[in-house]
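You will see two complexes here that share subunit A, one where it goes with subunit B and one where it goes with subunit C.
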Partner chain A sequence: MLVHSRGGRWATWTVFFALFLPVFALPLLVIVAASFATNWSGAFPSGFTTGHYGAATTGDSLQALTTSLVTALTASVLALTVGAWAALAAAALKKGGRRFMDALFVLPVAVPSVVVGLAVLVAFSKPPVLLNGTRWIVILAHTVLVMAFAYQSVSAAILRLDPMYEQAAASLGARPLLVLWRVKLPLLLPSLTAAAGLCFALSMGELSATMMLYPPDWTPLPVQIFAITDRGSLFTGAAVAVVLMATTLLVLLGVSRIRTKASFR
Partner chain B sequence: MSRRGSAVLAADPAAGSAPRSAPGDTGRRRDADRRQLPAFVWVLPPVLVLAAVFLYPLALVVQQSFSPDSGGTSLQPYTDVFASGAFREALGTTVWLAVGATVGCLVLGFVLALVIAFVPFPGGKAVAKFIDVFLSFPSFLITLALLFVYGTVGMANGVWTDVTGAHSGPFQFLTTPWGVLLAEITYFTPFVMRPLLAAFSQLDTAQLEVASSLGARPARIVRRVILPEALPALAAGGSLVLVMCLNEFGIVLFTGAKGVTTLPMLVYSKAILESDYPAACVVAVVNIAISVGLYGLYRVVSRRVGA
Partner chain C sequence: MSGAASPGAPRSGIRFDGVTVAYHGNVVLDSLDLTVEPGEVMALLGPSGSGKTTALRAVAGFVQPVRGRVFIGDRDVTRLPPHQRGIGMVVQQYALFPHMRVEDNVAFGLKAQKVPKGQIPGRVTEALAMTGMDSYAKRYPRELSGGQQQRVAIARALAIRPGVLLLDEPLSALDAQLRSGMLSELARLHRELPDVSILYVTHDQVEALTLADRIAVMDQSRLRDCGTPQDLYRRPRTEFTASFVGNANLLPVRVGSGSVLFGGTELAVATDEAVWGATATLCVRPHLVGLGPGPNALRGKVAEVQWRGSTHRLYVDVAGHRVKADVRELRATPALGDEVTLHFAREDAVLLAAGVGGE
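The block that comes next holds the complex of A and B.
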C-alpha cells in the first residue's frame, strides 16, 4: 500500500478513474451507444433505434461477417499448424538454432502489416503462383501475420513444460512421435487453444494488409466498417463494429472455456 | 490483439530446456529410426513455408524497389522518393507521432499501473481484465469512437454548442495529427501497462513499507523505489509501443485526414491509389528498416531485463 491516509487513497482513486474511464471505457461505450442511435449532437445520443443492427446483420455486412469468420478460422488453423510445428521443432535445436528460429518467426511482427500486404501483393500477382483477386491472397496474408503470434505463444508454453513427463514416457519406450502425440500435445493443449483464440482475434480485426489485398467479393468486416463510415453512415458503422467486437468476444470466451475444461483433465 | 505484448515478452527463451535424445543412445533403441533424423530436419517444413509466403515476397519488394518503371536496375526510385516532399513529410510525421504517442503511453500507463498495483481498490482485478479485453479489439475502433466524442457533430462539440449557443464547437482536432496522437495513446497504453503490472507484482511490498515507515512520502517512494524497479518494463513496453506506432495504419486511415500521412499510409496510397509500385516498395523498405531495427533493439532490451 503506497498511500496510507484515507483521503489520499480516495484522491488517488478519483484521479485514476478520471483518467481511466474517459480514455478506455468511454470509447467502447460510445460505440455501443451510437449503434442504437440515429443522431448524436448533444451530450447523449438521441433517437433510439435498433434499425442499424438490421443493416449490420443483413446483405453486405452479413456477408462481410461470414467472410471474416471464414478468413480468421482458416488463417488461425494454418498459422497454428505451421507455428506450433516450428515451435516444437525449434525446441529440439541447440541454443543458436533456437535463437535463429525465434528471430525468423517474429519477423512478421516487426515488419509493418501494410508492407506484408504489399509484399504478398507483389509476389502473388504474377506467376508462378497467381492469387491476386482471389480470397486466398487475403487468407494467406492473415496467416503470415498471425503465424508469429502462434509461434511465440506455443514456444513460450514449451519452455514452461515440465520435461519429466516426456522423459518418463520415453524411458518407458515410447517413440518420439508417440511422446509428441500422447504427452506433449495434450499438455500443450491449453496454450494451443489460447494461441488459436489470439490468432482468431487478431485476424478478425486485421485491416492494414487486408486493405492492400481484398478482392471485391471477399470483404472482411474491418474493410466493411471502413467502407460504411467512409460513406458517412457512422451509426451503421458503429453497429457493424459492435457485431465485430461481440463475435470476437464470443469466440475468445468459447476458447477460454475449452481451456478450463482441458486443464481439469 | 490482447496478448500481443505478453506473447512477445514471454517468447524470450529462458536458459535451460528439456534434454533431448543424447547422441550416445543409438544402440539402445535401434527400432526408433525416426530418432536418427537430426533435429534440424523437422525445422525445415515450417521454415520453407515461411520462406515461400513471407521471405520471398519481402525479397521481391526489395528487388522491385530497385526496378524503376522505365526498366533496368537503378537507384532511380530511391532518389525520386527521397527527393519528394511528401516522403520527407511522412517520415517526419511518422517519427514525431510515434515518439509522442510512446511518451504519452509511458506516462499514462505508469500512473494507471501504479494505482492498480499499489493503491488497490475493489474491482482492480476487473479493470486489469478489461484491459486484456481492450487489447483484443482492432485499433481503428478507437478512431471510430473518437469521431462520436470529438467529431464535428459529436458529444463534446454538441455540449459546447448547447451551452454557449455557438454555431460550431471548439474541438476540431480530429483530422489533425493530434487526433491520431490521442487515438494512438488510447489504444497503445495497455501495451505498456501489461509488462508494468507484471513487474509490479514481483516487487516486494515490504520495501515500500520500510521506505514509508522511514518517513518517505509517496512521491519519493515512487521516485526512489518503484521507478528503478519499473525501468526495464518501461523500456520494453515503450520500445514495443514505438514500433507499433510506427507501423500503425488503421487509426490513420479511419481519421481520414488528408494532412496526416505516415509511412504505412504512404505505402498504401502509392501502391493502391497511384499504382506506383517501385515508389511504394522504396517507402516499404525504409519502413521495414526503421521498424525491424527498433524491434531488434526491443528484443535485446527485453531479453536483457528478462521481462
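The block that comes next holds the complex of A and C.
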C-alpha cells in the first residue's frame, strides 16, 4: 500500500468512490432500478413491478438472448482458435514478419466497428461467398472484431512463456506438435481462457456492426434492446439490458473459475 | 542396477569439430574442438559469457553452429532437430512442467519416444528411485523444494536412457549445503551409469574438480585448456587456468637457469622448458605459500588479513605485487603494514611461458 496513514487511506478511498460511483456504478444501478419500475418522473423511480422481466425472458427477447449466446460462443471459439494459431505462428517468425502480423491483427480494433460491419456487408453480399441474410454474416463480423483481442492476449502470453519448457520437452524427444499440445497450450491455458472471456463479453455487447448486418431471424440482444427502447418501452428495455448484463457476468464468472483451476503458480 | 543406458544401447561420446556459433555476427563460441569419450564426465568450466553454455546448447540443438559439426557417437547431429538427438538435459531452473505431476513429468519423455505403454510405469518408478524421489510421484512440482525438483528433473532426463546427459549449471540454484549433497549424489549416479557421457557446464571449480574426469576451461568464447582435474590444478598450462582454477598467485619473473628472478629475489624453481632470459609467469597456489622463513623466501608488507574460520588469507605486497597466502588459522595475526616473510617449496611452483593462453 502506498498510503500509510489512516487518514490518508480514508481520503484515498473517499476520492476513489466519489469518482468511481457516479461514473461506473450509478448508471448500472439506474438501469437495474428502471427495470423494476413502471414510472420514473421524479428523482426516483416508482411503481415497483417484476413484470418487465416476464417480457424480457420470453418470446422475442428470449430468442434474442439465445441468438446472442450462440453468436458470442461461436465467435469467441473461432476467434480464439484463429487468433491463438496466428499468435503461435507469429512468435515463430522473424521480427519483420511478427510486426506485420501484429499490425494486421490490430486493424479490427483500429478501424471503427461500423466500418468493419460495412466492409463485411459489402464483401459478402455477392457470390462467390454470399452470406448476407444469414446468421453467418453476424458471426463472421463478431469473429473479426474480437479476434484482435484474442490475438493480442495470446501473443503477450507466448512472449512471457519461458522457452525452457519447450526446450526441455524437445530434449526429451517430443515432436513440435506434441510440445504444442502437451506443454505449450496447457501452460497458455490461463491466458487462453482470459482471452475467451474477453471475446465473449465484447461479442455479447456488440451493436454497431451488428446493426448493419443482422437478418430478421437472427436478432442479437443488444439490437433487441435498441429496438425496444426505440419503440419507447424504456423499462422493458432496461429489464432486457439487465438480463444481458447478468448472463454475460455469469459466463465470465464460469470462465474465471476454469482459469483459477488452470493456473499453476 | 538396470541403469539408464540399457545394456544394448550404444555407448556414445560427444565430439565438437570446429564448432563456431554466432548471434548477429557476434561470435559466442569460437571454433571449438573437443571430444568427450563415451562414459566420460567432461566439465565445461568458465566464467559467464565464456561460451560454455552455448557449447552445451549446440549439442542439444537449441543453437545452430555457423561452422563446424557436432557428433553424438558416430552420428552427425549438426542439422538434426533437438527431439531427434537422444539426449537427456537438466538445466539450472529445473524446467519441470508445472501442470504435470512428478510421475507424468518423468513419463513425458517415455511417451514422446513411444515406449510401449506397459513398460512406462516401471521405468518411471525406476528413474525416480535412482534419485530417491519415488515416494513423491503424485506431487506437483510446486509442492517440492528446489533440491527435490532438481532430483525429479534428473530422473526425467535419465528415464529416456540417453547415451549423453547434458547438465547446465544443475546445482547453481541450490543453497551451499544442498549443493554438496547433490554433488555426491551426481557422482554416485555416474558410478551407477558408467556408460552415460556427461557434459557438465559450470562456473564453480569445486563442482568441476569433484565430478569431472576431465575439465575443459573456457574463456571469451574459446577453449583455453583441457585436462584432468589434477593436471589442470597442479600443472596449469595457461595463466587463465591457473587463476580461474584455484585462484593462483601469478608472478612475473625473468628466467634464469634453475631459478627465476622476481623483483630482485632469486627463487629456485624448475625451469625445464623455459628459455633462459625470457620473461615468464610463476604460478603458486595460495595454500602452498607458508608464513615465516624458508626456501624461496619473499619479504613484503601485509596489506589485508581475512579470517576464514580454519584458515587465514593474507594479502602481502611483495615487490609491487600482491601475493595471496592461505595459512592455517593463526594464533597471532600480523597487523596491517607489518613486514612478514613468505615462502614456498620449489616443487610447488609452476613456470608458465609468458603469453601462453593469452592471444
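Quick note on the criterion: the second predicted complex is superposed on the first by the 244 of 265 C-alpha atoms of A that agree within 3 Å, B and C clash if a C-alpha of one lies under 4 Å from a C-alpha of the other, contacts with A are read in each partner's own complex, and residues count from 1 in each chain.
As a convention for this text, a contact is a pair of C-beta atoms (placed from the backbone, for glycine too) under 8 Å apart; a residue touches a chain by one contact, two chains touch by 3 or more.
Worth saying up front: this structure is predicted, and the values here are computed from it rather than measured.
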>> Tell me the contact category for A:S171 with respect to subunit B and subunit C: first, second, both or neither.
In response: second
> Who does A:W13 touch here: subunit B (first), subunit C (second), both, or neither?
Replying inline: first
>> Quick check for you: in the superposed arrangement, does A:V183 touch first (subunit B), second (subunit C), both or neither?
In response: second
> Taking the superposition as given, does A:F24 touch the first partner, subunit B, the second, subunit C, both, or neither?
Replying inline: first
>> Between subunit B and subunit C, whom does A:V77 touch in the aligned arrangement: first, second, both, or neither?
In response: neither
>> Which chain, subunit B or subunit C, ends up touching more residues of subunit A in the combined arrangement?
In response: B
> Intersection of subunit A residues contacting subunit B with those contacting subunit C?
Replying inline: 167, 170, 173, 175-176
> For subunit B, which residues count as touching subunit A in their complex?
Replying inline: 1-4, 7-8, 10-11, 13-14, 17-21, 29, 32, 34-35, 39-40, 42-43, 45-47, 49-50, 53-54, 56-58, 60-61, 64, 108, 111-112, 114-116, 118-121, 127, 130-131, 133-134, 136-142, 144-149, 151, 153-155, 158-159, 161-162, 185-186, 189-190, 205, 208-209, 212, 218, 221-222, 226, 243, 246-247, 249-250, 253-254, 256, 263-264, 267-268, 271-272, 277, 280-281, 284, 287-288, 291-292, 295-296, 299
> In the complex formed with subunit A, which residues of subunit C make contact?
Replying inline: 60-62, 81-89, 91, 93, 95-99, 108-109, 112-113, 140, 142, 156-157, 160, 166
>> Show me the residue ranges of subunit A that touch subunit C in the complex, using the header's touch definition.
In response: 162, 164-165, 167-176, 178, 182-183, 186-187, 189, 264-265
> In the complex of these two chains, what residues of subunit A are touching subunit B?
Replying inline: 1-4, 8-9, 12-13, 15-16, 19-20, 23-28, 30-31, 33-34, 40-45, 82-83, 85-86, 88-93, 95, 97-99, 101-116, 118-124, 140, 143-144, 147, 149, 151-153, 155-156, 159, 161, 163, 166-167, 170, 173, 175-177, 194, 198, 201-202, 204-208, 211-212, 222, 225-226, 229-230, 234, 237-238, 241, 244-245, 248-249, 252
